[in-house]
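Shared between the two complexes below is subunit A, which has subunit B as its partner in the first and subunit C in the second.
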Partner chain A sequence: MDTVSVENEVIMADDGIVKPVAGGRATIDRDNRETVGDVTAKNPRMRCREVSVFYGEKQAIHDVSLDVGSNEVIALIGPSGCGKSTFLRCLNRMNDTIDGCRVIGDISLDGDSIFDTKMDVVQLRAQVGMVFQKPNPFPKSIFENVAYGPRIHGLTRDKTELEAVVHTSLDRAGLLDEVKDRLGEPGTGLSGGQQQRLCIARAIAVNPEVILMDEPCSALDPIATARIEELIDELREQYAIAIVTHSMQQAARVSQRTAYFHLGDLIEIGETNQVFTNPHHQLTEDYITGRFG
Partner chain B sequence: MSNGTITGAGNPGRTIDTVRAGLDRRYRAERRFRIYGLSAIVLGLLFVSILFITIIGNGYPAFQQTYVKLDIDFDPESLGIGDQRSNAALSGANYQALVRNALKVRFPDVTGRSDRRALNSLISSGASYQLRDAVLDDPTIIGTRRSVWVPADDDVDQLVKGHMDRAAAEGDRRLKDNQLAWLDQLQADGAIEKRFNTTFFTAGDSREPELAGIRGALMGSVFTLIVTLALSFPIGVATAVYLEEFAPRNRWTDLIEVNINNLAAVPSIVFGLLGLAVFINFFGLPRSAPLVGGLVLTLMTLPTIIIASRAALKSVPPSIRDAALGVGASRVQAVTHHILPLAMPGMLTGAIIGMAQALGESAPLLMIGMVAFIVDVPGGFTDPSTVLPVQIYLWADSPERGFVERTSAAIMVLLGFLIVMNALAVLLRKRFERRW
Partner chain C sequence: MQTSVLILVLVALTVVGFYLGRSRSVAVAGGTAGSAQLHSLPSYYGYLTAIWCGVPALIVLGFWMAFQDNIITHFVTADLPAETAADPGQLGLALNDVKNLVRGNITSRATDPAMVAAADHYRQLQTISRLALTVVILALAIGGIALSWKRIGPALRARNQVEAVVMVFLILCSTIAIFTTLGIVLSVLFESIRFFRIVPVTEFIFGLEWSPQMAIRADQVGSTGAFGAVPLFAGTLLISGIAMLVAVPIGLMSALYLSEYASRGFRSAAKPVLEILAGVPTVVYGFFAALVVAPQVRGLGEAIGLSVSSESALAAGLVMGIMIIPFVSSLSDDVINAVPQAMRDGSYAMGATRSETIGRVIFPAALPGIVGGVLLAVSRAIGETMIVVMAAGLSSNLTANPLEAVTTVTVQIVTLLVGDQEFDSPKTLAAFALGLVLFVVTLTLNVIALHVVRKYREQYE
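Moving on, here comes the complex of A and B:
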């Protein structure tokens, strides 16, 4: 093992969050699994505190705390199997659908716990939209894909309103110009990048507060990826966005804050700039310099 | 760097040489494998064509029936009704006498009781029913004289169709020499004719081959299958959806799953016994009824439909489920809006396989009395009836030569029914099919 000196450049704050002393450089030993950095956001939309996830007996996430702030993009990075997707799926309780999956800890949306009995999971998912790794449009028309959410939630009163919602959603997803003449055609007939933008349009059609993106560009070519990244940047003006990505360049390009996960632990979190240029934790540095992962 | 770089023990030379040396063997193996497959298909097709050729060859004569033209005198005295014209009187009249009189007029020189009886036996006993129906239809024909084509007896029918050897000794023939002579006379007059056998499609079962029809069994099968489909499809789909989409994975659901798979392998006659004990003896439902038959076949088909439906549900990509849940659909909405429509083609295939099985099933129906000799065409779900495969079994068991061809014809009707059902399933599947 490399000899990394553990100097006392870390202080424990009152709330149990480890905060680094400015100017330090990858000085925290690999064996230290306490989170480094400030987990709080300026305008938190979602707050997660000491979230642990178990698959049966196996613990996949250990006591992760982190905020998702308004008008910011937080990137979750880390090697495969580190639990970043699992964590993301906790935020809109998609893990409920997995047998044997148990989530403990506290997650709140605008101050209300999402595990509260008063919180309906359907309502939660209407507020916290999700875009998946593989584009997954419904095998229905483009229009029906986008209209599905507003329709099941009863967001529109009549057909004209529904059409307006579909049009604005497609417009905001940057897809309207390409598909406006063929809204009746199946969404599955679009190209991969278009399908993913259709899925984003579908997610924003229900006007959520938070959008979760699980490696939205991993199945796309660089051009389509660039379009989606542009789009994420635009969407930030209205929504809080959490994105899981394997591409560190992407994380650097689109996010304001970055959280680095390692084997179910949140290792380091901070301003994207700082995490990439001046990581405090040795594991983070190893990862972003490509030593593993 | 060729020799000995990658080679292990006993493998000298370059890799490419070793591969090349083995290529021939590989190609031979491939060719052999293809020949096995091809011969399996050819053999299968051969057996299917033999089956079809024998069935059609045996069965097509049944679609024709020999008729004899008689000059019938609708004489009220012979009918024994005098001046009465009420329906009851007309139904009960002696139409057999009209046939006998017509034959007597046609062959005046036949005297003697046994000769007369031999002559009368050339005409089917169904002739009198035909005359009765004609009179009931239009009573004004009483007192007139008309030529009527009446069905011939099945022995005559077989002779005309060439299934009887005239050269055989008289004692070995069902028709005697004098009968043959009379028939030749009729034939010479053009009074014998083969016509399309409508009776076969309109009548129920009968002891007389020329009067036996498939309609009763066909309607019995239709009613039975309606009950089966109406019960097994919704129950099967609901079970599959619950087990696949809602039920937690635990020991109970595992147990249920194992049991469903085992039920699919239970011999069908056991379901018949169960139906007899439960539906007939305990619930007191009528015997021989399509309702009970349908219930029994539902039990038999359910496992098939459940297993096929679960496979269809499993084959729906999870991403669709995630997508629906991700925009905030409830589980029920995700299932009814997205998963069920996508799984529907597979479920329909399962249902149709189950229905085809049910259509061809006879053993469990024997236990609940659907093997009875039933002449009337059933008009509802509780009327006594039989079904096509049981009818085939009954006819195959009958000694008369006329039933041989009717058995094959019934098999053809059964196959036709199956083809129609499968075509319907393909059509439905095409309609529901969606790509993703």
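Moving on, here comes the complex of A and C:
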């Protein structure tokens, strides 16, 4: 990531509004691990309070609190291994599938705790969809990939309804035009970018409220990336989106709020503009000016 | 010198050759400091010298040992009375006696002067041969060292030459297995062709009766033999079918449990235990089938009013199925594990339960590999002999009733060849024909299975 600072400046110049970081304006020194900034969102969909995650004895996330608001994209950034994926996976309890992984703290979806016995994990994952780093379509047809969720949740009554759902989802994911004549072909035969949009279509086919994306573009070329970023911006109208990204330009382009993680701590959170142009924490400034990461 | 002593001396010379070659290379380069001048590391010069010393000598030794006996026998034959030498049968007996005399064994003709003379000649030739061998081998070994000693210099590409020798050696090793297989196939093939000269192929493949007993002598009262293999193949199919009915579901389920549900601790304990099943000798399964399962099956059958023979296809098939379980489960476990974690994550993230994920994603993705594993298990079941001999009987019934005794191809091969046999009667030759067909069937299954498995592997790469 040694070229980040240069790229950063280019992007910000592109943006027009954001000015390059002057450096040295951050006021909170590196040893302070309290979260800086406002963790709440205007219309919170998901609320996390004091969340800690352990892999066996090792603590990967320390007391992180933050909200995911409706109709906004929140970007989680930070150096590799700082716990972004781990935190994201708490939101739909995907960490349950990992042996020895323990989550403590409160996470709620629309006011209901997701750890509550009343909250079924099947239901939770229908409401909180996830898109992974590497596109992972099932080795089935394009149609069957999208129909997977509606089928297991019994969302449609007959074949016409199912077809309608598949079509709408592909359409929203911006893939319909490219594949509508070959819905029966295997999803694994698409290009990487198309596969990733297929995975997004698969996730939105069950009408989720929140979509989690873990570095959805890191396996894609720049053109496919631009296509997905556009899509994320469109999806924001209907869903709350949390996206983990390695690229600060991407965070700047698609998100409204940004959270900076460092070694399992949430260091700084705020409006994306503010975090990139005027970080309050020295660690955040180090990261976005490319001093490490 | 005794051959064993000779070999020991050769080994010692080879070791000496190694050190000589190594020190020579250092010396040629002008001490350790100069060894950077050499093309290869000094030890490569050592290996090269050792190879020159040992390999030609070993090759000559091998040929010598292989042909010495024939050549000596040839000379000794000339000594024997002409009428003995003319008749191949007599000659064989006479030569045997000579060899026995040489070894000091007592024979019926120990007093025959011609034989004693032949034995003496034999002994004399042996001594000469041994002496010559010693001289030749030592000369070769020492000559090899000397030659290589002279060649060693900074320009000698010792490393490349050693590598080439190593490669040739590896190629030889790998071809041994191939040629052995080829030899087996060819011998079975030729014997089968002899059989098909006597019994037509069509009768063998389509005949419905199998009773290989034949009159050996012309005056014997006895059956003429019937060589219709259909009952044997039907029996094989029946027993393998029962075995697969047991092994596939149980093996598959246990593989699914182990790879998807079990905790890591349980898995690491249970898998070896399951694999122990594969290590139980089939003879043990055989008497388990004959002494425990068959009577149980019979008792159960009688309790519900069925007549079950004391040896039944069902008993043999059940036990064979149990024997094959680890095959199926271990192969399936491997392919299920090879389904990428990303597939599971994708499914779980959609809110699928574990059984939905298995049924809709993992199992379909692993299916080709599982099919491959099952085919391998089938060919194992078809080739299995011991359990069937002990639990399914020897009578060749053409029946689909699993409660009756049946027999299989492998069992018949065993019974045809056990005991004193004439090796050119159709009865014994039939065993080769059966073996050939069995070989073709299992080979086909294995080829299909390997093909399927390979195709499956490509799917995620």
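Definition applied: the second predicted complex is superposed on the first by the 268 of 293 C-alpha atoms of A that agree within 3 Å, B and C clash if a C-alpha of one lies under 4 Å from a C-alpha of the other, contacts with A are read in each partner's own complex, and residues count from 1 in each chain.
Here is the rule we go by: a residue touches a chain if its C-beta (ideal position, glycine included) is under 8 Å from a C-beta of that chain, and two chains touch if they have at least 3 such contacts.
Everything quoted here is computed from the prediction, not taken from an experiment.
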For the overlay on subunit A, clash or fit between subunit B and subunit C? clash
Scan A:L220 for contacts with subunit B and subunit C and give back first, second, both or neither. neither
Just checking: does A:A75 make contact with subunit B only, subunit C only, both, or neither of them? Give me first, second, both or neither. neither
Which partner does A:K134 reach: the first (subunit B), the second (subunit C), both, or neither? both
According to the stated criteria, A:Q123 is in contact with first (subunit B), second (subunit C), both, or neither; which is it? both
First (subunit B), second (subunit C), both or neither: which does A:R202 touch? both
If the shared chain A is used to align the two complexes, which stretch of subunit B, 146-154, 164-172 or 182-190, clashes with subunit C? 146-154
In the superposed view, which residues of subunit A touch subunit B and also subunit C? 92, 94, 97, 99, 122-126, 129-130, 132, 134, 136-140, 148-149, 152-153, 199, 202-203, 206
Can you list the residues on subunit C that touch subunit A in the complex? 263-264, 340, 342-353, 356, 360-361, 364-365, 459
Which residues, counting only subunit B, touch subunit A once they are in their complex? 248-249, 317, 319-330, 333, 337-338, 342, 434-436
Subunit A - residues contacting subunit C, complex: 92, 94, 97, 99, 121-126, 129-130, 132, 134, 136-140, 148-149, 152-153, 199, 202-203, 206
Under the definition above, what is the set of subunit A residues touching subunit B in their complex? 92, 94, 97, 99-100, 122-126, 129-132, 134, 136-140, 148-149, 152-153, 186, 188, 199, 202-203, 205-206
